[in-house]
Structures are given as C-alpha cells and as structure tokens.
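You will see chain A twice below: alongside chain B first, and alongside chain C after that.
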Partner chain A sequence: MQLDENLPTATATAAPAVSMKLLLRDAGIGIALVLLILFFALTTDHFLSPNNISNILTQITINLILAIGMTFVILIGGIDLSVGSMLAFCAVVGGSVLTIPDLSVFQAVSLATLAAVGTGALCGFLNGWISAFWGLPSFIVTLGMLNIARGAALQVTDARTIYSFPPSFNAFGSQMIYGVPVVFLIALALVAIAWFVLSKTVFGRLLYGIGNNEEAVRLAGHSLMTYKIAAFTIAGVLVGIAAMVYMARLNIASPIIGIGFELNAIAAVIIGGTSLSGGRGSVIGTLLGACIIGVLANGLILFGLSDFMRQLITGVVIILAVIIDKYRERITAA
Partner chain B sequence: MKLFKLASVVALVAATALPTIAAAADKPVVGLVMKSLANDFFKNMLEGAEAHAKKRGDYELKAIGMQNETDFESQLNGVENFITQGVDAIVIAPADSRAMVAPLKKAIDAGITVVNFDVSLDEQAKKDAGLDLAFVGPDNRGGAKLAGESLAKALGEGGKVVIIEGNPGADNAAQRKLGFEDAIAAGKLNLLDSRTAHWETEEANSVFSTMLTAHPDIQGVMAANDSMAIGVIKALDAAGRPDIKVVGFDNVSAVQPLLKEGKLLATVDQFGSQMASDAIDKALAVVGGGPKLEGWVKTDIKLVTTDDVK
Partner chain C sequence: MNTNLAHVDSVAQPLLELHDIRKRFGGTVALAGVTLSVAPGEVHGLIGENGAGKSTLIKVLCGIVKPDSGAITLAGEAYAPHTPRDAKARGLQVVHQEFNLLPFLSVAENIFIEHLPRNALGVVKRRDMNTRARTALDAIGLKDIDVRWPVERLGIAHRQLVEVARALMTESRVLILDEPTATLTSRETERLFAIIDDLRRRGVSIIFVSHHLDEVFKLCDRVTVLRNGETVTSRRIGETTQDELVRAMVGQQLQKEMTHSIGSSARSETVLSLVNFRHAQSPHEDGISFDLHKGEILGIAGLVGSGRTELLRAIFAAEPPLSGTLMRDGKPAALRSPRDAIRAGIGFVTEDRKEEGLILSMPIAANVTMASLADVSRAGLLDQRAENALTEKLGADLKLKYGGPGKNAATLSGGNQQKVVLAKWLARKPEILLLDEPTRGVDVGAKAEIYALIRRLAERGLALLVVSSELPELMTLCDRIMVMSQHRIVGSLPRAEFSEEKILTYAYQGEKRQTGH
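Take a look at the complex of A and B:
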C-alpha cells in the first residue's frame, strides 16, 4: 500500500496542496470564460438577455454530457472517438422503444432510457474491455467502434429517421425552471456526481492514478482492466443519457446524427484543462470548457461573424487553451 | 477411343450451347453510384431503383453508396471498380462535382455509357477535361425558389427572413441558396442573415435560436433541407414563436406531421425515388443504341404544402 502515496490526495499532507493546484487550474479557465462573456456582453446587444442565456445553456447540454464521460476516459490516458456514432446508435434504439405503440408515456420513456443507456453502456464496455484485454490503444479500438455503432444504427433503422415521440416527452426537452433548461440541470447534476466520484472516492483517485502512473497502480494490487472498463462504460452510459436529451430536444432520432460530436467533446475536455496524456484535470474544468465552446458559438453569431471565421476562431481557441495549459502546468508544478 | 469421341461431342455441344446461355443472361449491367445510403432521400431513391429493376427485368442493377455525402473517395473507388467489372452503364449522383470528372472521363473512354443525375458536374471542370456529358436532375434553384415564393406570399413585401444553408461547397446547397435569394428578390423580402447548419438538425436548432436572439423580428425562415427545418421548428416551439413561418426542402416523412399541424408552411419534393430510375431508363436507351443525351434533362419538382397532406 506504500505505493499509493504516489496517488494524488492519497495522504493527508498532500491533499491541501493538490486541491489548491486544482483550484488554480480551474480558476484560469474560469477567468478566460468570464473575459469571453464580458467581451460579448460589451460588443453585442442581446448576449446577456435571459433568453439568450437559456439558449446557450440548452446548446451546450449535449456536448457537456458527452464531455463528462470523455473526461473519465481521458483521465486514464485514453480517448473515445466513438461517442458521436454511439449517440446515433443509442438514439435510434431508444427512439424505437419510445415509438412502440400501446405503451403509457411513463413506460415508454423509462424503457427507452433503459434501452439507450444500456446500449451506450454495452458499447462503452466493449471499448474498455477490448483495449484493456489486448492492451490496444483506445484510439484504434474506438475508431473501430465509431464504424460499428454507425453501421449498427443504420442497420437497425434501415437508414430511416424515427419521429413522433410522445408530446409530453417532447415538451420536457424545452422545459425551463426560472429560465434554466431542465436538460441543462440534468447535465449539471451529472457534473456534480462525476466530480464527487472523481475527487472523493477511491475509485476516482485510482483513475487519476492510472493516468499518472499505470504501473504503480498495478503494483499496488489493483486490476487495471476493471478500472479501464469502468471508465469507458461510464462514458457509454453518458452517451445514452445524451441520446435521450437529444430526442427530447429535437423530437427525432436519426442514424446520421452526431457526426463529429466526439471532437467537440474532446475539445471541451482539453480546453477545460484536462491533460490528453491523462492523470491531470477535472470535470469542473470540462464544464467550463463546454461553456467556452458554447459561448463562442453563440457569441460569434451575435457578433455577426461569418460561419467560416467562426470555425477558424474556434480552432484558434482550442490551440490557445492547450498552450496556456502548458504554462499553467509549469506554474502549478513549481 | 470411343470415350474420347463422346467427350469431344459433349464438348462441342457445350461449346455451341454455352454462348446462347450466356447471351440469355447477358442483360446490360447498370452500375448505380449514389452519394449516401444513410439518409431517407437516397434510401427512397435506391428502393425506387430496385423496384424499377425488378419491374423492367431487362437489366441487372448493381448499386453502391457511401457512409456520408462528402466521402467522395469511396465513390471514386466505386466508379473504378465498375470500370474494371466492365459494366454497360454508370448512373451516378456525384459527391463532388469537380473531383468526379476525371474518373467518369475514364469510364467513358472505356466505352461505358455514363449518366449524371441528382447533382450536376461542374461545367468548367467538364470543359477542362474535354468531357461532354448531359445531366438528368431536378432544378434545385427552381425548387428553392418555389418554396421561397410561398413564404414571400405568406409574409408580403418587406417580410424579414433568414436562410439556413446546407454544406458550404456542396453544389445543391449553393443552388438552393441562389433559389431562396431569387425568391427574396422577387418578393421584395428583407434578408437579415444567412448561415450554414451543415444539413444537421441539432446544429440548425442551435444556430437558428441564436439568430433569433440577434434578430427577434424574424418573420420567416428558409431552410435548405427538411432536417434543418425540423431543428428550426423545435427552436420556435421552445421560444414560443409560432408566428414565424418556415419552409424546407426534400419532403421527407418526418415533416409530414409538421405540414399537417401547419408548423411547416411548405417543402419541395424532387421525387427522389423516381430520379434514379428515370436516369437508368435514359442510360439504357443510350446503351440500346438510342441517341446521346444532351444538355440538362430536367426532372419533376413539386411544391408540397399543408393542403397536400390533408
């Protein structure tokens, strides 16, 4: 058990220093977000209007949910390229259940959620198990899953769009509480749960440990396979939840949705300060990262920038975030 | 020796009989190359072509498609495979109106009848390659103009509208945008903004709700396909703005309830299921010795409104 001292917050003395550093990291991203919000508030007319804030929160919800799962995977030094395709697969499976005739709305929604989340968990489990069992890079395994899930989604639906969900389910997708979209509150609750799991449980600390020093964790007598499978399965479960949110929000499920969504999720995690090599980062950072992407996408339209410039600037911000992270790493390591 | 003789007789009979058997099975082979098998529009088109092949029964259909509409590399491979297999005709909806010119030239040089449908090859690229090829397809610009005009009629002069565009760089996206702009000019509408949502429902939902914040006075929306119109209509539901009118394009099954409820003012049907079979008919006529196709053979388009689904 001596080796566990290598793990963050494993000993009482290390704890305050580490959380101080983590705080510094998140504060940096938070400041960037505040500056961005200030910029758009000053340069555009409607940016801070309550309606627009509700819009932004709705717009970031799906990416945020996907990015929470992605944080788990990136923290152990992995990557999941299959989430966009899995979103489509989960959505068409969930959507098929949702449109079964003669079910009450409650039955349909609960069964559909179960089906969508189950599908996501299964795909995630396979991602984790295959990469851990054969020691394969998750980059390659999830690239395979990207095609498997997309193919499965097309096969299941015969490439057709599923629509006409129960009206109350549809209404739920645009429900607000004091101007805050309910779907965003769900995402926020998931952030809170993920934060607790990652920073307050042994399981979570071991995930950081694997990202930092896989060998140390293994020598300490922990099964790497279990934790890797768990991280990918969690990512899959979150894809399933995101698929339900997608359907509630847009009232369709199509096998061609979600193309490229994995890249936005990865961007949110990286902008949020989680290291691509694993072991460093937090889900709070991911929340801020997703907000930055959402604020940029929204603000640049209000600012009146063309689509092409908008894409260009989003790219610049991603690279800037990684460069800033390099400096922050040096400061916090000192 | 007797055995030998018998064998040679059998061989002779077989040798004379075989060509006739082969000729009976030797129906012309048509290679159908589509942009994507992964959406309703092309799915309907493929099913239309398969039903057509069964009904005519005098040709063999080989169809290929791709994962998504921009993956022209696999389309290129598909065309090359058809050339190697020596099909009689290639009927193609090009994924890229420039990139596909060279491989199709190769097919024509190999003696294959090529018919270009759905999306037209780029005129300049055709000229540069010395390729003279007719186009069988709908008038995307004219169709978009029809949809735009129905919106203009509903709003009246000075109506404030926005356009949700398809993929930048895609020919049909560009044509539909031009058609919308024609309608805007003709109807004296006021265009507030025009942005792409890459044919995508979710992106259209996000982009449009932000456009609505920037321009709360929007009265009408022209979406370059129905998937994006669905995203726009959901944003209107969420914002509580049933007063804003929306037109789309493609007439997919998912918009039928929206047309019925009056949430979608109009969409355009370009009869995708017939388009491929029309193009195949034209290719077979040329293979059978008919005259070469020339210019632009326009296929049907129709404006679909609430009245059509009631």
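Take a look at the complex of A and C:
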C-alpha cells in the first residue's frame, strides 16, 4: 500500500549554507585546539617555547600526512587499517633504493621517493580495487593488507634495519625555516592540495557524493569503482610520502616501524570532525585533529603525567569527539 | 466451499467484528470508517486498490497501529491489542507480505523462534524441536524440505509456506494472509488453498488479502471492498461478480475531463523500442516489447509488484538487462550501466527520492549538476559560478522555491525536492525521460506544476515513460497507457479508451488473460 506516512515535512527554512556550516564545524575544533594550547601554556613552563613548538610540529608531521590520505578514504565511507604496515613496507623499499651505492644524492633520493610512493600507490590501488570489485568492506580488505604489507616488509629485509642514508638527506629531515620544520611545511602543502582537490574539483565533489549516497551517484552516471580505487590509491601515495619523511627524520628504515599508526591517523580524522560513515568532513578538520593529538601528547607529558596517562586521555578525547559528532549530525539534520 | 449456507447463519454471531475504524497519519487519512465482520470458519476476502487502506487495517488488527476511533470485538469481547504479542495471545495471527524469517537459522528454529523448547538448563531441545517442526510442516503438506536446513536455502515460495506453518504453531482463531500468493506459482497456490480449506474446516477464520480477483472468487465465502480507507461493500461471493467488485474499488468517480489535446494521431518517429526485453527478475521468456515515440507521454499502470519499476530500472541499465533488444532511434543499443543510458540521452527520475534521487545533505546546486558535471567544470575544476547559474536557470524554469543554490536539498519540501531531481535530468537535455511515481509525496500545488512541466517537455519533443499508481494521474497526463501484470504488458489503451475500470480490469485479470492466450 502506498500510504504516505513518511511524507517529507521539511519546508524551506533559513538554514545556513553548507560551506558556512562546514566552516563553523572547523571553527569549533579550532576553538578546542586554542583552549588546549592556552591550558598548557598557563599550566606548564616550556610549552610555548620555540623549541617545544618545533618539537610538536615535528611529532605531528607523519601522523598528519597519513591522516590526509585517511580523510579521502573515510569520506567515501571506507577505512584503511593498513597504513601503518604500508609505511614500513614503503620505507624499506625506499630505504633499499636510498642505500644503493654509486648513486648521486639527488638520484638516490628521487629514485627512492619514486619507489616508496609507487609501493604505497600499488598497495592502495589493491585495497581499493579488491574492495570495490568484489564489493567487500574495506575494513576487512585493509586488515588483510595490514598483514600482507608487514609480511612483505619483513621478507624483503629479512627483518633487518636499513640505515646509513646520505647525510644531506638526513640533514633535510631536521631542517628548520624560522623554527618551523621543513617536513611540517611539506605536510601543510599536502593539506592545501588535498583541500583544493576535495572542495574545488569534480573528483572531490563525487567523493563527497559517494560518501553520502552511493546509489544516487551511480544513477547519475558515474563509475563508483573508479572513485573508490582513486581514494585508496591517494591514501597509499601519502603513505609513501610519509615513509620518506620518516626516513629523513630518523635516518633508518625498519620493517617494524609504524605499528598502530593507522589508529592515530583515524583518530586525527575523527577528532577533526569527519564522519566515520562518510560524506561529511574536511581535511582542514583533519589538520586540526592531528594538532590536537600532538598538543595533547606533548602537553600532558610537560604537565607531568606519565605516558600511560597520556594514552588514556587521548582515548577519552577520541570518544568525546565521536559523541560531539553525533550531536552535530543531529543539528545538521534538523 | 459447499458450506456457504452455514456461514450466512453464523454471520449473525461474528468471531471478529470491526465497527467504524478510523486512523489518520498526520494530514493523511488512512482509514475513514472500516466496518467488517468475519464469521467463525469463514474465509473473508479483503480487496481494494493500492492505498485503499488494507495494510493499515492489518496493522491495526495485529497491534502495530492504534486506531483513532472505532471498536473491535473478538469472540464477543473488546479487542484492542497494543503489540503483535497481545494479538497473538488473543488468537490473531498475521502472515505478512514481507518476510519475517531469519535466513541463517534453520527452518525449525524459525518456526519455534518465539518459544524455543528448552530443558531445565535453558539448552534448546533440538530433537524435540525438529520433530515438532516436522509435524507442523507435514500438516501443511511441506514434505519436501528438511527442517534442519537454513531458511536461506529455501525458495521464496517455500519461505512463504514456512511462515504459514509458523503462524499455525500457535492456536489461532483468526489468521490474516496478506497477499500470500504474490510470490507463489500456481501449483504452490493450490497447495496453500488446500491448507486454507483445511483450516476453515477446523473453524479458523481467515482474512485473505489479495490482488487477484479470481483467487478471491475461488476461495472466499465473503468479500469486503475498501476504497479510500472506507468499507464500500461486503458481499457474499455468490451474489457478486468480478465486474461489480472492480466498479466498487474504483467508485463512481467522474471521468476526468480530457483537457489535454493530443497531438496528431499520426505518430512521429520511434525513439525507444524494446523487443523481447528481459531483466533478471522477469519470469517470461518473451520479455517485454513496446515502442515509445518522440513527444509521447506513455503511461504504465499496474499493481504494486507487477514489474513496472523493474522495467524502468532495466531500461536505464541500473540493473543490467538479461536479454532482448533495446533500440534507440532505430538502432540497437547495448546499455550496460546508467552511464551508458545517460549517454544515450535517457534520464531516470526514480521512485525513491531520498535513497536514489537526491543527496539530501548536499547543496541544491550539487544535486542539480550531479549528472552534468562536465558542463560546469573545466579540466576537472568545478566552476562554481556556472554551477549556480545553471541551477538558477533551471530553478526558474521549474518554479523551484528554494533559499539558494548553496542550501542543502534537505531544506526543501517534497515537491521542490522532486523538481530538483527533474532539474538534474533536464540539465542533461535528455531525449527520453523515465519517471517512476513522479508525484509521490508531493503536495497538490507542486503536483499541478509537475504535470504542466511534463506536458511542456512532451511538446518540446521529449519522449516520456511514466509509471504511476494513481490512475487519475496517468489518465490526465498520458497519450497512451500500458497496463502491466506479473511482468507482462497485458493491455494498451489509447487516450480515447481511457477508463479506470478498463485499466483495473486489465491489471486484476492480467493473469487470466495471459493464460487464455
């Protein structure tokens, strides 16, 4: 029977435009970050010292780069659990190239970057293709990739650590411009590019569309598979970049690095206000989310809490963020 | 069925009696005075058009919906169930149209799901359960399935019969069957009818909801017709005819004036033509064949489940078609995805706006341009200004009432949301537009505007294929109406021959006509 019990009752109301809403959402997270910074500035001695700030920015960088890629995946309603393992795999592949003898530093670094990013892209492509082609939940597929990439990294290196990279490469990793780590500036540039792609291109529009209503996008004549694969591949490319940054900073590539990094990346995205069910969120939010996690980690230690307590409190913040998101959803829906 | 005389007497002491039941949902009147009485051991047919109130009435009887007013008595006592459990305790059971089985549990577990036989420790007595389930299935003649099989393994018809078996586990005085034959083949229908006959002999009253009049005549002792939520008539089956019932369902509505002047009867060129076109759900090998012409508004009428939506989805390749030919402008076209269909100049306004048509939480402009992003972008970069301009232009064309292109589609009323969906397709300048229930959930004003728009599009040369459950809608809009029944086209009427009666006769008797060929 066709009783219209669920007639839409919404009429045109004076709801603020979406971009405005998105802005407000990011502003809310920004305010939380500022309050957090104020708190630590007032309660600890060295929080705002230039040294400590560079420290925080350096610590944030890897997670931020991974979280940018994660944002693409979560926006289409997926998840990527494999980025930590992929980081190790990309790093050992890149590291092996980096230590090939008789290459100039420039050659070595460019080839290594190509190798690391290519490895990440390939793993990401597989994640996307397998889950899109067979219609599998990305949760499971990337759980598989988590093991595959880790196993591959251990196999390739025979569980050994790769080190002694070109000294100038390592120097680059700790380079500062006015006290700001260059690697963080790279991450910021990536945020800017991702923001542009997501908000100004047809590609970005369709990613948001897919996250909101896959069927409507499909019936409007778009191939879901292409866009899903692309989102996961982008996440993989960013893992490759993060692997290069990792090696530049720490001067090693080991098959056991990156364990649990995927969880921090997901946390940054979620704290940044991107909905786990997809379709809502922004990479600016992700930037703020990564900053909140970094500030908390650093500030709580300065505050005199143990690393255990830091972990505990970060967990609480993640759950709080999701609860707040639930309310935001309700407000947006109203 | 030789017991008719006995029933006439027993109606004086009905088992179930409903008096003037009314129910509103917000502004929609679902039941406007249903009066009905069922004698013990009687099979009572309940018929009416889509939306006449049958489903709501069943929900009232099984305690899902509370009526606003009216009285029900069961076996002489007041009956007002609050939950389906209450209803069951009083001996009233419903076998629903939608299946309520748990696919991964066994047939026996499904049958006993409400009262699994347990021992003192709370462990399920599996052997006991299986034996009793076996007995239950044997009782309805389902000897060919094993009670340990997961329901998943059963075909749809067997599942339906398992539902019946489950309903029979509890002693019922009244059993309501909501379109039980919709998914059954004729052999299985026979089996079900035998079961019903047996129940009748045991004194169980049965309310039999069906779209198939011939079944009602074969099985029922009496029949009640609902129209617009009201009881129109209750008749002994021997004292009425199919034609009379169809007239009762339609009512003495005035024929709509034919305000719409038809273009010259000389047909212009054929833009879409199906030849033996089949999709995954179509049961007939010869599929569906028809032609759609330039500037034509072709309606498809039929009951829910007759395969109208599936046909549109297959034409649009939302599900890839199975076999047959689809000719576009006289040339065979292999459409494998919506993308192909759109490239071939076809647009599709789906039945379900929220699930398939719109992205409610995205801006109106984004929805309007969703199918024509190439027109509002350069090298993959969105041109916001072009996007807004296109939205405003189409918005003005369609008299869209909205706050601005940047507002979410969710902020719009039903009618305006539908206009956004239409705008999305018009932005592509299609040559063929498929419309599935184009005015569902749309208020009267917007409805008239959508009608006017559809006519204007036809005058501009678009070919439109319109599926609707509202006959007056089709009769106002269309140049020609095809009637579907059970995935076949069973009749086609030119405008001069439109009448609700004719259409419904085709729709209800489709099955019979087909077998008569």
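Methods note: the second predicted complex is superposed on the first by the 315 of 334 C-alpha atoms of A that agree within 3 Å, B and C clash if a C-alpha of one lies under 4 Å from a C-alpha of the other, contacts with A are read in each partner's own complex, and residues count from 1 in each chain.
Note that a contact is a pair of C-beta atoms (placed from the backbone, for glycine too) under 8 Å apart; a residue touches a chain by one contact, two chains touch by 3 or more.
The shown structure was predicted, so the numbers you read here are calculated from the model rather than taken from an experiment.
By the document's definition of touching, of the two partners only chain B reaches A:T161; chain C does not. By the touch criterion defined above, A:A220 lies against chain C but remains apart from chain B after alignment on the C-alpha atoms of chain A.
Shared-chain residue A:N51: touches chain B; no touch with chain C. In the superposition on chain A, A:N212 makes contact with chain C only, while chain B stays out of contact range.
Contacts of A:I62 after superposition on the shared chain: chain B is touched, whereas chain C is not. Of the two partner chains placed by superposition, only chain B is touched by A:I259; chain C is not. In the superposition on chain A, A:D307 makes contact with chain B only, while chain C stays out of contact range.
Residues of chain B that touch chain A in their complex: 37-40, 42-43, 67-68, 168, 195-196, 200-202, 205-207, 209-211, 213-214, 216, 227, 230-231, 234, 237-239, 252-254, 257.
For chain A in complex with chain B, the touching residues are 44-46, 49, 51-52, 55, 58-59, 62, 150, 154, 158-161, 163-164, 173-174, 246, 249-252, 254-257, 259, 297-298, 301-302, 304, 307-308. Residues 1-15, 17-19, 200-203, 205-206, 208-209, 212-213, 215-223, 279-280, 332-333 of chain A touch chain C in their complex.
Those residues of chain C that touch chain A in the complex are listed here as 25-28, 30, 50-56, 304, 316, 318, 337-339, 341-343, 348, 350, 354-363, 366, 370-371, 373-374, 377, 380-382, 401-404, 406-408, 410-414, 416-417, 424, 440-441, 469.
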